[in-house]
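Okay, so subunit A shows up in both of these, paired with subunit B first and subunit C after.
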Partner chain A sequence: MLESLLVVLLIGAIAWVGSYMGLTILFGVILPYVAVCVFVIGLVRRMVYWAKSPVPFAIPTTGGQERSLDFIKHDKLDCPNTKWGVVVRMFLEVCCFRSLFRNTHAVSFEQDPVSKGPRLVYYSSKWLWFFSLLFHYCFFIVFLRHFRFFMEPVPCCISFIEAVDGFLQIGSPRFFLTGGLLLVAILFLLCRRIFDQRLRYISLINDYFPLFLLLGIVLSGLCLRYFDKAEIAQVKIFIMSLTHFSPVVSNLDLNAMFIVHLTLVCTLLIYFPFSKLVHMPGIFFSPTRNLPTNTREVRHINPWNPPKQFFTYPEYEDRYREAMAQAGLPLEKQPNQKPAE
Partner chain B sequence: MAKLPTPQMLLASRPEFPKEAWLDTKPLFAPGSYCYPEKKETMELLHMPNPHDWDPAADDWNLPDNWEKILCDAFEERLEKHRSLKLFMDICVRCGACADKCHFFLGTNDPKNMPVLRAELLRSLYRRDHSMLGKLLGKKVGARGWDKEVVKELFYYAYQCTECRRCSLFCPYGIDTAEITAIVRELMHEVGLGTHWIMDPVKNCSFTGNHLGIKPHSFKEIVEMLADDCETVTGIRPKTPFNEKGHEILFITPSGDVFADPGIYTFMGYLLLFHELDLDYTFSTYASEGGNFGSFTTFNMAKKLNAKMYAEAERLGVKWILGGECGHMWRVINQYMETYNGPTPPNMVVPKSPITGTVFSHAAATKMVHITEFTADLIKHNKLKLDPSRNDHIITTFHDSCNPARAMGLMDEPRYILKHVCKNFVEMPENTIREQTFCCGAGSGLNTEEIMELRMRSGMPRGNALRYVQQKYGVNHMACVCAIDRATLPPLANYWAPGVTVSGLHELVANALVMKGEAKRTMDLRQEDLPNVADDEEDQ
Partner chain C sequence: MLYNKSAVYIGIVILVILLTSPFWVGLFGHNYTSTGITTPKDQATCIENADFMRAQHMRLLNEWRDKALRDETRTYVATDGKKWEISLQNTCMRCHTNYKSFCEKCHLSNSVSPYCWTCHIIPTEGK
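This part shows the complex of A and B:
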């Protein structure tokens, strides 16, 4: 855990020092281009890697009653038997984290008054669901808000998001709710890993690193907006120059915190395709969720289905013919007949 | 078998998490924690790779010389064959939502029984070869290479998972541990490691047609004895058609039901129901196994054992297949059969109930219908005369088996039937039923005696839920639609909720079934006196 924190701090420190050493070209231009390339190519390669392997069997997890008889109520959301139904199921999964919503917390009691003995109780546990959802949506909105720097003129939908996000009308510049909530959500996810014994036991550097990285990104971002303020106009000119592939760095006053923020974001982009963060495209490939539960209705084809090899009935009858005849079981060939060559 | 601790002791004896990181701990192969290994001859007979003698408790498992290459290549091959595997190796974020969803984890508190860590055992090997960071940083980022201790660890935990898929329901990405366990078991088989309790039935099924190795003449004899018992109870001897051509329906059910108490009563239930309907059907001594222990070893073995069903349907010229109450059998039929061994033979048609005319369009491709779908449809159309008061002495609950629940979605048909044949039906707590059901603790070939304590641990969530309704509502019976359940739940109930009996659904159906020309029922199918018979007479 500490290693991950140190790595993130180190990356930040290098960027900080770099900006004072006049390495803006490296951290502000080269790194972002590299990062975006690595992100896009890496992600596409990972998806191609998955897609290269076939889905030999249709193994949807049925989360409710299948479609069967007319009078049995079919659970269309959790056991969809059509493509459209699967789209709905995937939508709920991706946008509402439906599976996580089911989460429970099991507590075992050695002596329960009702059971007069041991009892396991399953408490509703929506915290993980809530904070994950909060994290992902806030991140998404913060991400959208940043398009203000990438587009000229700023699309009205972005301005609208900003207006809604800043509806509390606190401070100047106005406080964006999602920025604060994002920080809260990341801290929750981090504390969970640190203080929950089970989570701590299964957590790897690979789990702490992205959290600290995100924490670094959010903190540096908040800092840029509220404290060590970036010169917005300058940042916009700089970013627009990047998007037009004619980077301008000289004459611009980009503060060190901005370079730190940018470098951490680039780190995230580079790290993304090689880490567990590929769960983002991965969920769409998940065969327990993205297949219809019509496996008895439509044949699923396995491209590598091996040839049938089994103990056939003629072999079976050859082995047991005498006994079967004595037991009066019907036979293809009577015992006194010689089997045909 | 060692004496079992009391339930309280069992709960209290769950150890704390170890101090060392999971990459540094190794399982202890203590008696009772592992299933007995298969015999070398069995593996040879089945042409399994690298058959050899070995002992799980020994230091050296006598792996073949090039075991590491075999395993690396086999893993690589599986990655190329299964998108699910690649994906499940890559996208887990270790959020921990699956942890306390696993009955093995709840019962043992062994961190490696958390589905996430069970998968990490394999994922750590994947990371070394397939992730940039793993290659660079190794153990720091949870990557490791193969060694013999890792093989032991994979074996240990692949046989402490019943492939019940409960974790896959709660996983935000739908990561299915059953898939991972199935593939780890395949890998183990590549170096000749398997368990006796699974491979012996596989061998039997390969050469006699069923897991128990019942030969055709014995099979017929046993079923006829059960028909005699039916006559004792009802005064009617149901017909027992075998291997006959030209019938409409082939009936296939797990062989456990012709052999073991209390499955035999479920089987008698089928006989009586079919007789009452005058159903145009036949049994087969060749395709005499609905279950598929092959599915607990390799995909190919599952295909091989399953192939008999369509082959026999073709030979006998039936129109469709009716399948009995079983769990993993229906996982295979519902999600694999048509892929493995389809398309169906030309003589088969979309199943249609000859009694009600209902077309089972949801089974249009496999042409195989679950008996509870068939029976629920009969009840809905008033084709059965039922007297549920014969089951009045029963307060029943219903155990959803993992596979019908989470790999098929068969939940309400059994309940519909149960409510019509038994007046007193109580559900267990909602987090332990339907799609959230808990495994009996001994599915996927773990229903063996030598791991009885482990089974009681993994059965703890089910056992606790049963005890709760037993104490609160006076439940004294648990119905189920799975042959393995019928074998595993009685000891589980006996341990966690003594006094609860277990039966298949169609045992209760036949008890309630009022048959044409039957003698007055004074006994149930178990030939136990019906307590409410005398009352009936007084009423009349």
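This part shows the complex of A and C:
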């Protein structure tokens, strides 16, 4: 846990020092281009790798009654048996995180009046579902809001999102709700790992690192907006020059915190295809989610089964007929009788 | 060999299009190479130095609003000791007369919509 925090701090510190050493070309131009290439190519490679992997068994997870006899009620959302049903389940999974909604929390009681002894009770636990939903949607909106730096003129849908996001009209620059909520959600997800003993036991550096990295990105972003302000006009000139492949850095005054923010985002992009964060395209490749639950209707053939060399009984008899006849075994077709007999 | 070829290809194409969107959405509009802002010619400095004003003017204006309307303090002492009257109309807009060639230049292209003008009147033309 601490080492992943240190790594994130180190990356930030390197970027901070780099911006003062005049390495803006390295951190502001080369790194973003490399990061975007690694991100896109890495994700596509990962998707091709998954698409190449055969699914040996039909393993859709079931959360309800599979389609069966007519008088048994079929759970169409959790156990779809058609392609269209799978699309609906997938949509709900991606947009509403239905499987996290089923999350439970186990509590053990030493002395329970019901069982008159120790008892394990699973309670519904919606916290993870709520905060991960909050995190993902806030992140998405924050990402969308950044398109004001990529587009000139800024389309009205982006301005509309900003207007709704900042409707509380707190301060100037206006406080955006999603920025604050994103921070809250990340802190919850982090605290969940740190303070839940059971979860902490199974948490590894690759669980903590993305959280600290995202925390770093969010904090540096909030800092850029509300405290150590970047000049957004300069930032936009710089970003637009990057996306138009004619980077300008020389006469721009970019603040160090901006370089830190950019470098942390680039780190995220580079880290993304090799980490657990690839669940973004990965969810669509999960056989537990994307297979229809029609295991009683359709036989799932393991795609890596070798082609079978069938040797049917008529073929067997054709080959060994003479020998079988000599041994006096019963035959479906007698060997050709000699004309003399 | 790829399984579910068509679905995977469609997925990859959609993903790549979405992920590279910051690069190609910029092509719909025009490039943004300068703010195109015009600063008043007859003044050497603003209330504070230019760097501070560029980065922190929104905070300053917000503080001024609170000072003037909530605390009824109408004097601002700048870092160089100079005293200024806290007033958007009488202090800021005495030099920055043109809304279109000053405020709006950056605000519009960076999608900043301050709520100054829900109370103040937008100056339409320079004096």
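Some observations on this one:
By definition in this document, the second predicted complex is superposed on the first by the 303 of 341 C-alpha atoms of A that agree within 3 Å, B and C clash if a C-alpha of one lies under 4 Å from a C-alpha of the other, contacts with A are read in each partner's own complex, and residues count from 1 in each chain.
Keep this in mind: a residue touches a chain if its C-beta (ideal position, glycine included) is under 8 Å from a C-beta of that chain, and two chains touch if they have at least 3 such contacts.
Values in this document were obtained by computation on a predicted structure and should not be read as measured data.
In the superposed model, A:Ala163 lies in contact with subunit C only, and not with subunit B. Looking at the shared chain after the overlay, A:Thr312 reaches subunit B, while subunit C stays out of its contact range.
When the two complexes are overlaid on their common chain A, residue A:Pro153 makes contact with subunit C while staying clear of subunit B. Counted by residues of subunit A touched, the larger count belongs to B, out of subunit B and subunit C. Look at A:Cys191: by the touch rule set out above, it reaches neither subunit B nor subunit C. Contacts of A:Met240 after superposition: subunit C is touched, whereas subunit B is not reached. In the superposition on chain A, contact is made by A:Arg46 with subunit B only, not with subunit C. In the superposition on chain A, A:Val55 makes contact with both subunit B and subunit C.
When the two structures are aligned on the shared chain, A:Ala13 is found in touch with neither subunit B nor subunit C. Across the superposed pair, subunit B and subunit C both touch subunit A at residues 51-55. Residues of subunit A that touch subunit C in their complex: 36, 39-40, 43-44, 47-48, 51-55, 146-154, 158-159, 162-163, 169, 171-174, 229-233, 236-237, 240-241, 243-244, 248, 253, 255, 281, 284, 303. Touching subunit A in their complex are the following residues of subunit B: 7-8, 11-12, 17, 21-22, 79-87, 90-97, 99-101, 106, 111, 114, 116-117, 120, 131-133, 137, 140-142, 165, 168-176, 179, 206-207, 209, 215-217, 220-221, 242-245, 285-286, 299-300, 303-305, 307-308, 311-312, 315, 333-336, 338-343, 358, 360-366, 368, 373, 376-377, 380, 405-413, 416, 429, 431-432, 434-436, 460-461, 464-465, 467-468, 471-472, 496. Listing the residues of subunit C that touch subunit A in their complex gives 1-5, 8, 11-12, 15-16, 19-23, 25-26, 28-35, 37, 51, 54-56, 58-59, 61-62, 106, 108-115.
Interface residues of subunit A facing subunit B in the complex, by the touch rule stated above, are 3, 46, 49-69, 71-73, 75, 78-79, 81, 93, 97, 99-100, 102-106, 108, 110-112, 114-120, 122, 128, 132, 196-199, 201-207, 274-276, 278-279, 282-283, 285-289, 293-302, 304-306, 308-313, 316-317, 319-320, 323-324, 326-330.
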